[in-house]
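I'd like to ask you about the structure that follows.
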Amino acid sequence: MSQNRFQQHLVPVATLLAVGLVLWYLLAIWLNAAGVIERVLAPQGAWSWQELVAATFSMQRPVLPVPHQIALDLWTSIFDAPLDSPRNLLLHAWVTAGATLTGFLMGLVLGGLLAVCIVHSRTLDRALMPWIVASQSVPVLAIAPIVLIILGSLGITGMLPKATIAMYLCFFPVTVAMVQGLRAPQRLEMELIHTYSASRIQTFFVLRLPSSLPFLFPSLRVAIAAGLAGTIVAELPTGAQAGLGARLLTGSYYGNTLQIWSALIMAALLGVVLTALVAAVEYLIVGRRRQA
Amino acid sequence: MNAPHPTELQASPHSALETPVARPAVVARKASVIYQAADRPVHALSEIDFTINRGEFVSLIGPSGCGKTTLLRVIADLEPITSGEVLVNGMTPSDARERRAYGYVFQAPALFPWRTVLANVMLPLQLIGRSKAECEAIAREQLGRVGLAGFEKKYPWQLSGGMQQRVSIARALGFEPKILMMDEPFGALDEITRDKLNEQLQQLWLRERRTVVFVTHSIAEAVYLSTRIVVMSPRPGRIVKVIESPLPFERDLSIRDTPEFTRLAQEVREALAEGHQ
Amino acid sequence: AEKVTLQLKWVPQAQFAGYYVAQAKGYYKEAGLDVTIKPGGPDISPVQVIAGKSADVVVNWMPDALAAREAGVPLVNIAQVFDKSGLMLTCKKASGVSSPKDLKGKTLGVWYGGNEYPFLNWMGKLGYKPGKDITVLKQGFNVDPLLQNQAACISTMIYNEYWQVVDAGVKESDLLAFFYQDQGVASLEDGLYVLESNLRDKAFVAKMAKFLKASFKGWNDAVKNPEEAAKIVVAQDASGSATVAVQKRQMENVAKLISNANTPKIGYLDPAAYERTVKVLMSGGSDPVIKKDPGKAAMTHMVWDAAAK
Amino acid sequence: MSQTKLPGAIGALLAIIPAGLALSQTFSLSGFDPVIPLPALHSPALRIAALQIVCVLLAAQPLRCLLGTLPLLLGSLLTGALLLLSVPSGESEPATAFWLLCIAQFLLARTSVQRLAMLDSPPWVATLTAVLFGLWMLYFWQLLVTAFAVPRVLLPAPADILLALFTEADKLGGDFVQTVLKSVLTGYVLGSGLGIATGIAIERSPFLQRGLLPIASLTSTIPLVGVAPIAVMWFGFDWPSKVAVVVLMTFFPAMVSTLAGLGAAGKLERELMHSYAASPRQQLLALRLPAAMPFIFGALKVNASLALIGAIVAEFFGSPTAGLGFRISTEAARMQMPLVWAAIVLSAIVGSALYSLLVLCERRVNFWHPSVRAAQS
Amino acid sequence: MNAPHPTELQASPHSALETPVARPAVVARKASVIYQAADRPVHALSEIDFTINRGEFVSLIGPSGCGKTTLLRVIADLEPITSGEVLVNGMTPSDARERRAYGYVFQAPALFPWRTVLANVMLPLQLIGRSKAECEAIAREQLGRVGLAGFEKKYPWQLSGGMQQRVSIARALGFEPKILMMDEPFGALDEITRDKLNEQLQQLWLRERRTVVFVTHSIAEAVYLSTRIVVMSPRPGRIVKVIESPLPFERDLSIRDTPEFTRLAQEVREALAEGHQ
């Protein structure tokens, strides 16, 4: 069945990607043409169409680099430098992944705790829940520098400030899903447990927690993606430290468009890997009992 | 009130019914339940008076909304009474619940999908802190009794609706409740499965002689299973008639074609119709 | 060893080579210091860092430092390594700018975050009101607005962004650069600042003196040997984006801003230059950068003197 | 199944300990002598402690209605205000009595929120509870920032922020126009609209759907804010680049949710329409689109905060001299922290307002959906 | 085959049954349906042969999984047949569907929660482009017939399950289908509501004489409602027996106590048991 689905999707996805690639090349010619003419070709005098296309595909500082340029840059930035060198993109991906995962775990704990409190306390449900929703309207991404400085003044430096920002973005989906999930047990199931005269703690572990898992995992996938975005943005203001966000920033700073693009692609790959990680954990925990 | 029965042995719990001082499992005195609905209060139960003796199989029957479920819930401490008194084994329902007096079987099986069949049956036993081995032994035994030996490792959603309901009954029985409460346990099943389960339940009761309070919509089911049938009527919920069953305790499905059965069913139907006015 | 934390104003680059060289060559260690150099970034304000007590000494531009004083963070200049300003406004000739007068009606890229004061000052002097006579854009940290022709002129540093424009393929002959120095609105750039309250502490002053001495040694080396400095800086760049060639050129240009390199006067803040800067900052028309003359309170030679001994 | 105890009563009673301690402290400070210590009565700490104890007594009242809770509410607010006014200003270290009063005040605040949360009706009491909770949070923020003399360049007090909101209203107004009206709203409407439209358009093309869905769900794991520097490079420093980022960030969630929603109509319902021989257009209008609305609103709500984040982050990489992102980053560097926080508060208000508006619309559009019905009853 | 009936008028559609050449509404010839399940194909229907004449009320009864739903779905063009032939009014099911021949009532009411009761009943009429006023008039009339006048403005979720099911029936009827298909329409309801709806459906059929194909699990329901009962058995799904009902067309619930009824029910039960082996 899944084999079948895979094949069903393969052809359309491949087709669309191919169309996208072609469009990309055309767009690159169109976008880069002006700059190429002004800075590369015009100084040399007369030029032909072929020269224009070739030049737009191999520009130093393109407005839109073409895919093979990016692929090449990715390749060199992964394989041409030792793994522990700051020139290696994998190192930066690793740094970002570390902060994201730390923040994600922190967010998981915080979100879970909040959800448990909210489900068990009417006061917190009424008083806190609206503020948790409002908290997500605060553009933490914009206040990342302030958070970094406040945390810095409290002696928290290094990876933790970034992880804190990631946590801020992660905890929300977790809380919302957990609140929903912990309340998911039907009245019937709650009453059943009640006739056994189970304690609150027993009810939590025997009924509420297991029934919240199906809600939790989809939210975890959302959370880790949000956390990654948070980490990357938290890496922007600190500038040239390690991490994909720093690569984005310095790429922009040194006018290295290719570097921006490879950092973006790497971030995308990292996002996919991290979500796959969550999916794998989900499969391990609930996979085999999922309904057919 | 209780006609002694030829098949009855003196030693069985049912013999209690025959002694002059019956041992009551449930006593309700002028018990009323009023729901505060949005617009106006609903009299779900109105001054109910009745007694269920130990070892009886009592069915509650009545039209939708007459308060059958409410009565069951009151007995099981799932709903407080507004006035009057309900005693279970001489205690308040709440105390009885704390002493694990109840096994409750709902209309839906209410099994936990993340637990295997075995683990579902073990659940109530684990909650009261029985050892794992003990839980498992009891659960296996109960599953055997409802004919589900060999299905221990399955998950609920791998079973048919009828099998699920049997798991739910095994779970309630494993708890060794003093009183088994069943709220339309077979309502969602098809007729054939239902017949089978009716038969099994009857045999089970015959074997164990637990007190059973059973809610149903089906006249045939009520007549087939019960030693006593309580007919209720709505608005406000009250008891119209209590019918003692003259049928022998040992029954099989063919009893449904006997004239006695038909007469009893007719009596119930008339009582129902009466209450329906 | 005594601990010192230095907060830079920007990402690791040759602009801060002196400190990195002193660190790499062990000058700080020799002086008995354990120095942590914290790189800055576009949204890291050194003033906030020092106010949050996460740094002992910061590299900052004087307009920003004096403005911080008024906002309640009493910074004091203890040394001034760059005695000339490298800030300029770079325009494409094609956009029709040939003198400051032509700026009217144009879109100009300006760095914010405390670096906008000299520019606002200059415009005040020219009588141009931002938003009315000129369009100001908050320039990001690169030269794209000029390359993409989104702005007529952008802010550049002589040692950095200017060359990025050139590297991108724009010929120098097509560019026109206005030096703030030449426009009479120059202010002192990269200086070292500490909190006023700390200066009351003798031990702190002694520590800073050692720090200055070692840093100056680093600067002297960097000016003498730009290649070596560039390599050291590149090694310190955790983002792996800096290149030796670019940093070496930057170092060579930075060297031109340190006239006192390899003289005993290195790092000495010329009181006249200080007063000139203060005057410029107070003459901003209706919206001056600082309203109160800090007098001599915002600078001290005490540490420099101790270092010179 | 319901418990009937008075929430917060224990907490409130606990408050009597610090309040009483503070009381005795001020007595001993003012030189307790057998004659009534008249000067002590003028000590503010004494008055606050006495009032707090009155509040504790009010809290012990088992009145379960708004009117019964009101005295406690007002009383605790009053002691709070008095306490705030008596914060030792500037250099001098707050006395032990002060901290004791703070603890008592905290316990009172907690009880007041709990008491309000306990009330069942009317519905706006729930909102009031949240508001009161927020007020107390701000209150303790103010109290602690003042008491610890936290530097304003790090964390300003709420009062300063409020002041900045008013004094700098015209600057913030300009930022609002720039960021919210020009960037966020345009991008949000464009991105979500295009996403929904695309979803509807490709709903009938399994090929495009099978091709686009995996790609679209992939993009949900990609940190799209990363394209901000590229967007600024392509579309300039003004609002179009922000719109581009916002469109990109909101497009895919809208499309994916629309598709999921269109497919969410039950099998039974679809077969019903099939048995009526309904045309695809009729199926869309009568069944699929209404069934998709809850999903679409889900995406619209998520997109609301994504749009704000996208626009503000894009302002990092270049902007005109207005905009909430511009304000936050530049004023932070200028040490105008109250203004920075005012801008943050403004964007939070905008975000919450947008969200609430969507919730209101959703209630009208999806009135039939169980989640909405549950929320209303 | 069809015994002429005394209450029958010559002019009614039912008279067709009496003419030598009955007008068939549905004809199935060697119709088979095989589902390609994951592991092995499931023979849901195996070479089914049967005919439903216009104006008949035919019930399909059989144990769970015997293919009743599949057969209904095949007739209504919701499922293709694997082999054989099915004709509806002489056309393929697909053509018949395009000509709006079907009114399908599912086990669940399948009402659109965002439409009022009235708008739900109007839906199929709007789809075929009838004017708004006309739709509304028809819908109101149909709602009146199922006893729901006055509930037009309510939303489905404001009604009880039985009322919802009646709306769904009104919706199917308003469409004026040639054939009314009902798949366990009362399966989810309680016995009393079910009895009432049975009675109403019977009267409705009597009044309108539409062709009805009705799937049920309940023997009593099948016997009470049908002119013909088709008993099916599973693995592979096939028809075990077709029983003509000798009951008069006009019936009320009391008919269930007549010996004729009991005999018929017994016949059905036996046929079921037979197929069950």
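All chains are identified by letter, namely A, B, C, D and E, in their written order; residue positions are counted from 1 within each chain.
Just so it is clear, contacts are C-beta pairs under 8 Å (C-beta built on N, C-alpha and C of every residue); 3 or more make two chains touch, one makes a residue touch a chain.
It should be emphasised that the depicted structure is a prediction, and the values quoted were computed from it without experimental measurement.
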| item | value |
| --- | --- |
| Co-neighbours of subunit D and subunit C - touch as defined | A |
| Most heavily contacting chain pair (counted by C-beta pairs in contact) | A-D |
| Chain whose average C-alpha position is farthest from subunit B's own | C |
| Distance between chain centroids, defined by C-alpha means - subunit A, subunit B (Å) | 54 |
| Whole-Å gap between the CA centroids of subunit C and subunit E | 87 |
| Inter-chain centre distance, subunit A versus subunit C - centres from mean C-alpha coordinates, in Å | 35 |
| Residue list for subunit B, restricted to those that touch at least two other chains | 78 |
| Residues of subunit C touching at least two other chains | 42-43, 45, 48, 51-52, 140, 144, 148 |
| Sequence positions of subunit A contacting 2 or more other chains | 63, 145, 149-150, 153, 194, 236-237, 249, 251-252 |
| Partner subunit D, residues of subunit C touching it in the complex | 42-43, 45, 47-48, 51-52, 64, 67-68, 71-73, 112-114, 116, 130-131, 135-140, 144-145, 148, 150-151 |
| Residue ranges of subunit A in contact with subunit D within the complex | 8-9, 12-13, 15-17, 31, 63-64, 122-123, 125-131, 133-134, 136-139, 141-143, 145-146, 149-150, 153, 194, 221-222, 225, 228-229, 232-233, 236-237, 244-245, 248-249, 251-252, 257, 260-261, 263-264, 267-268, 271-272, 274-275 |
| Subunit B to subunit E touching residues, read off their complex | 63-64, 160, 187, 190-193, 217-219, 266, 276 |
| Of all residues in subunit A, those that touch subunit C in their complex | 35, 38-40, 43, 60-61, 63, 81, 85-88, 91-92, 144-145, 148-150, 152-153, 157, 236-242, 246-247, 249-256, 259 |
| Touch list for subunit E against partner subunit D, complex | 76-78, 97-100, 102-104, 106, 108, 110, 112-114, 123-124, 126-128, 155, 157, 175, 181 |
